[in-house]
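Please see the structure below; I have some questions.
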């Protein structure tokens, strides 16, 4: 079979992980059952570029149960769980191309392997596969019905492509589903970023100054959890509305240059580049810890940090010590890559459940409606969004109210007043 | 002069209140200065139907300084601060028609007084003035350039009118400005609802079960502050997405019928009617306290409560005791009207600052662009929204970052990837 | 009858207040029932110096039902609720000497009136009655079996007396009961201090810098609630252990001189004097708001503030504006007296319930054991403390676990190990 | 040399860990410097039974720098970090007897090895070494000047020994130092317990029902952090005072039998045995996760769980799946041992810093005063406690206030009143 994983012998261990994640994915499980019964994706060729994790294993299984032919490559060289990749290759018979720590050349070779599948549907997380398809693999574009994109960063890139008129097929921004970004980005990134930092460092957060650059959904998730762990959180923002929300939420807000000399821990979650640079490193305290939880490892200017350092060494598994020429030490976590994936296990399955239910149902939607959609970035249909929320609540045993006829009427009327 | 206030002798006291509120309205103050200098509203006839409070006094002053001719009537019979009304009549020379506790007939007579002004611009809070204008005063519609609407409830009513094709002029939904609903509804309603309940009852919130019906912006503000006061908060919702957010925010979520027998305090903030009805009162605990913080006093079915009671008496200034036939007592606060206005002082000036800055700048915008706008409900232009946020941050001494050219370019590009 | 209240005609209104408070005092209610049945205090002469509030009305009723002859005077000139005083005089036939706003001479005249009763038991809140008794009324000391003291400040004074060997009878420090200081000081003072500040000012707390001087039980209550309201809280402390707890609880900690130039609102809760003085006023921002929630009005050096001011005026009911010579305005709340009593209604009944249950049961204990106790400050017997906690839980419908025999044995054994 | 570690080749890796922990132990570092300079423990024989972790490595180094001859054995078979043990053996020349996962026989053999040292001072964590010394090694008792005990459980056992008159030498309860139990137990156990659960399971805590049995310092730390992570926390207690605090802190409180059917995650932190037993397992939901963070693995009745199961397997590194006969699965973490040590890295160094500073200074104190102390459990002298707090604040860059002479005088006086 056609796959490239680190060690196929890890498959049994990987299967346990997929099974464990599956326990916490009740919405995707109900979709699996329906797909297995109805085979709505029969014969559909799908190329997926996603974090190769145990939750993704469950999504892959759902698509296969639906009848699709799927190939999978990693969307981030550091996030691959090698045993999970092996399990997908062995037990799901899935062509998977992903090795943790692979170099950039291998990373793109793997993307090309996935594209060799001549996909009708693409699944992407960060838009690297879509970018490759639109640049070096353009002949394949004609087969594509549509695609999905998982993350904020990818959506930003794809909107930019659409705005410039170069996007060749419709994309559903799974990230923009409420059941995705309101949950995955906030609760998922929030908890797992803290988790990654703790696994990497084992520091006590209570009492520390914890700087969060970016107060988008991810940033406020991280801020909320850092505060919940007893840290004194400082927010850095460029958007005045978000900055004002942060102030009202009880956080200190200041320019990152001011925060640089106060923070004990720094996390970047902006989706932009060069957030922490030379001028910030110069002001940091001895022992400052810096990490990134934004999609790409460009938020921290690592080259600049290296240029200031006289010595660099690994002091814990995910901690690099940079000793600056003035003797101060700065600790970079996970090589500046997504810390929740590098040092922890990414988003918990419980929250990926909804993201991936959106993926599965969006693939179904594209397979039926893709040809009728404009070559733009579309939202997930609201019906899908609400259905997923209802399924999730039910799985947690939570019941909610329904509007009475009288209440519905009232909301639609304008005659009734004071 | 033409006005109807309770007692003009309250004016000096009212002026102190307006001045006090003004201290906390730095954004509106900067607009006042600009308006006074440039007189951009010279001669414009404005009819405003707003809560007659000290903050509104500052908005009225801003419009007058801009050169407008303004009339003011109350948007809620219980929210009028009589001394503030007197101060506006006396010191601002403003025709104001508002008496705290006025009956329904007087309420609508006052609205008609405001409409006799033949307004070119309307300001509304709940859409009662607009409704009256569109039903019993239709001849006046021809003069109107546009209007603003302050609150969620009003926006719902106006969208319903627009959807039915009966809205006769463009409305700017001030409520939909981010600097309004993200702040006023959440932080303003949140704090002031709790404040109203405490002033009415002096109960200790710590350890109580506090039920919030509705998890919109107002509802989450109330929930956040009740939790911050040590209560165990239960959320009731009809929207599965909001319900799921409430769950993830750490709240218990359940149907209101289940919450009815658990709650010690109930607050309705749904914008809908008949939220607490007979079947809920029947299940409530001895001593349950119920209040409303939604716009209209229809959320609690007071008639139903009265029909269950054998006796009713006032036991504190804003507390009516309903003694049910089985001996249980239920305490209704503020006659089911907005508790933050009835028993406390409404939103703090610090947050009304932004709402009213939006009002003032939206009036200016309508005076210039009203004739070119469709007869629909429009958002506040984003530029206004951001400008207000920047002014507010500056007034609080908060500085924020700006994107570098490199960062702007990165966000617009799609080539750069992993 | 022998009493001095402002207006006896307020009695019916006061009775409603006492009744309302009584609703939230289930533990005291169960003691009332027992006292009424058993009359254990028959003929005992009690002089009480307490805040004359609706909750105290319930305590007085309990003591009278128990058979005692009680006199009551105010422990703070500003905290008296005049209608409640009238109700006690009229309906409880209680000699009560208390008028809100009475001057210092009247205050001490009233204390002497209470002492004229030749008490066998004293109840005190701040130790003014005990001090008077030990200085100007020494001949009365011979009758006294014992006394109780309600508050931290009083306990500090009494321990100082005991240490110097001048305390003439045993005192039970009700304040030291866990069911008192862990609840009343933390949850009661916490909520009601915020409540008082909001009633006095109607400011929005979210986003403000809120400085709390003192991180004792009261201070941490205030800090917790200010944080819960969205403020950024700064703690000032002299005790390194408490300061460290504040740091770990996620608060900024700094010397008060540093906080002076940052704070928007300041609250003193130290139990000491001269906490905010000239050097702090000099550094404060325009518009700073200062309040005290410690027992005596000595924490803010008001004379120093006045000496810096060129003008002073009352701008709201409980707000004095001090205009300094450089034009800055500082706002002093409630004349520097306990803000929760001055501008709000003191501790909610729900928490006073436990304090006053401790008072009632401590009086009973002193009436039986007073003569056998050393002339020192004693704690409330642990049995009383636990009994009150159990009654309170039961009244809230909360059930808890009990140790099994096996578990009890395990805790007592030391043989069982790893 | 005399030691028993898993693999001496792990030493370089272990040294990095000790060094990393040392970065976060500024108070202990200042003691190290002083000890190195003054050698106050020259020749003192110490036997220590502590968790063999990187923080302990720093304590051992401090004692050696002070001149002591130290032997170390593990206080818990699962908590040993093998590479750290190797580093202590190799670089500190320390006789260390500890292998992660050692069986019970080895565990006690190692304790005896440590006792063969004929200690003058003992350091214990859970009192297993002291128990062994008092039962099977009584002849050694005559040499012992005194000992220290680190944890609540050990202190309970030792007080029980003292009460029965069998304690043969004075013990300083390091656990009772404020700088220990207020910090280590609350912030340390709180964060690291959550950390252990997340590393073991990778579940999302937001929205879950999280049951904490025990609301002592550890329990409230765990509860606080679980709430801070978005969980709905339920507290089970036997002490009515603590239960009432939990209620007022905003938690649901109920008997553990009621909580059993609601909880998604259970953590025991009571210091007692048989907290979760057969009757609770029978009521638990499918998929319930159970963990212990109390000292001994007796809080969860694992034998009872096994007796209900038809199948048991390891599904993740620290997760055992028990499949009950009715098909429900219950997941036991870390074999019921301290989850923060089993699945995470125990208390962060930042908090162990203070615990171990207390250890080091208590050893010094015992070496000087041991012979004069009663054979009881003693507290850490308050001076030591305060000194540590001051050093810690300084290391965090936090400055605090000092009482003025006037303020000191006021606190000592009782004359000044209202």
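Letters A, B, C and D mark the chains as written, and numbering starts fresh at 1 in each.
FYI, contacts are C-beta pairs under 8 Å (C-beta built on N, C-alpha and C of every residue); 3 or more make two chains touch, one makes a residue touch a chain.
It should be emphasised that the depicted structure is a prediction, and the values quoted were computed from it without experimental measurement.
Chemist: Could you compare the number of C-beta pairs in contact for A-C with that for B-C and name the larger?
Modeler: Pair with more contacting C-beta pairs, A-C versus B-C: B-C.
Chemist: From the C-alpha centres, identify the chain that is farthest from subunit D.
Modeler: Ranked by distance of C-alpha centres from subunit D, the top chain is B.
Chemist: Would you mind pulling out the distance in Å between where the CA atoms of subunit A average out and where those of subunit C do?
Modeler: One centre to the other, that is 53 Å.
Chemist: Rounded to the nearest whole Å, what is the centre-to-centre distance of subunit B and subunit C, using the mean of the C-alpha atoms as each centre?
Modeler: Whole-Å distance between the two chain centres: 37.
Chemist: For subunit C, which residues are shared contacts with two or more other chains?
Modeler: Subunit C, residues with two or more chain partners: 187, 206-207, 227, 230, 247-248, 396.
Chemist: Flag every residue of subunit B that touches subunit A in the complex, lowest number first.
Modeler: So the residues of subunit B touching subunit A come out as 75-77, 104, 107, 126-128, 131, 135, 156-158, 160-161, 164, 178-179, 182-183, 186-187, 236-238, 240-241, 243-245, 247-248, 253-256, 258, 271-275, 296, 298, 385-386, 389-390, 392-393, 396, 398-404, 406-407, 410-418.
Chemist: Given the complex with subunit D, which residues does subunit B contribute to the contact?
Modeler: 206-207, 227, 230-232, 247-252
Chemist: Please give the residue numbers of subunit A that touch subunit D in the complex, ascending.
Modeler: Within the complex, subunit A touches subunit D at residues 16-17, 19-20, 23-24, 187-188, 191, 195, 198-199, 202-207, 224-225, 227-230, 287, 315-316, 319, 344-345, 347-351, 396.
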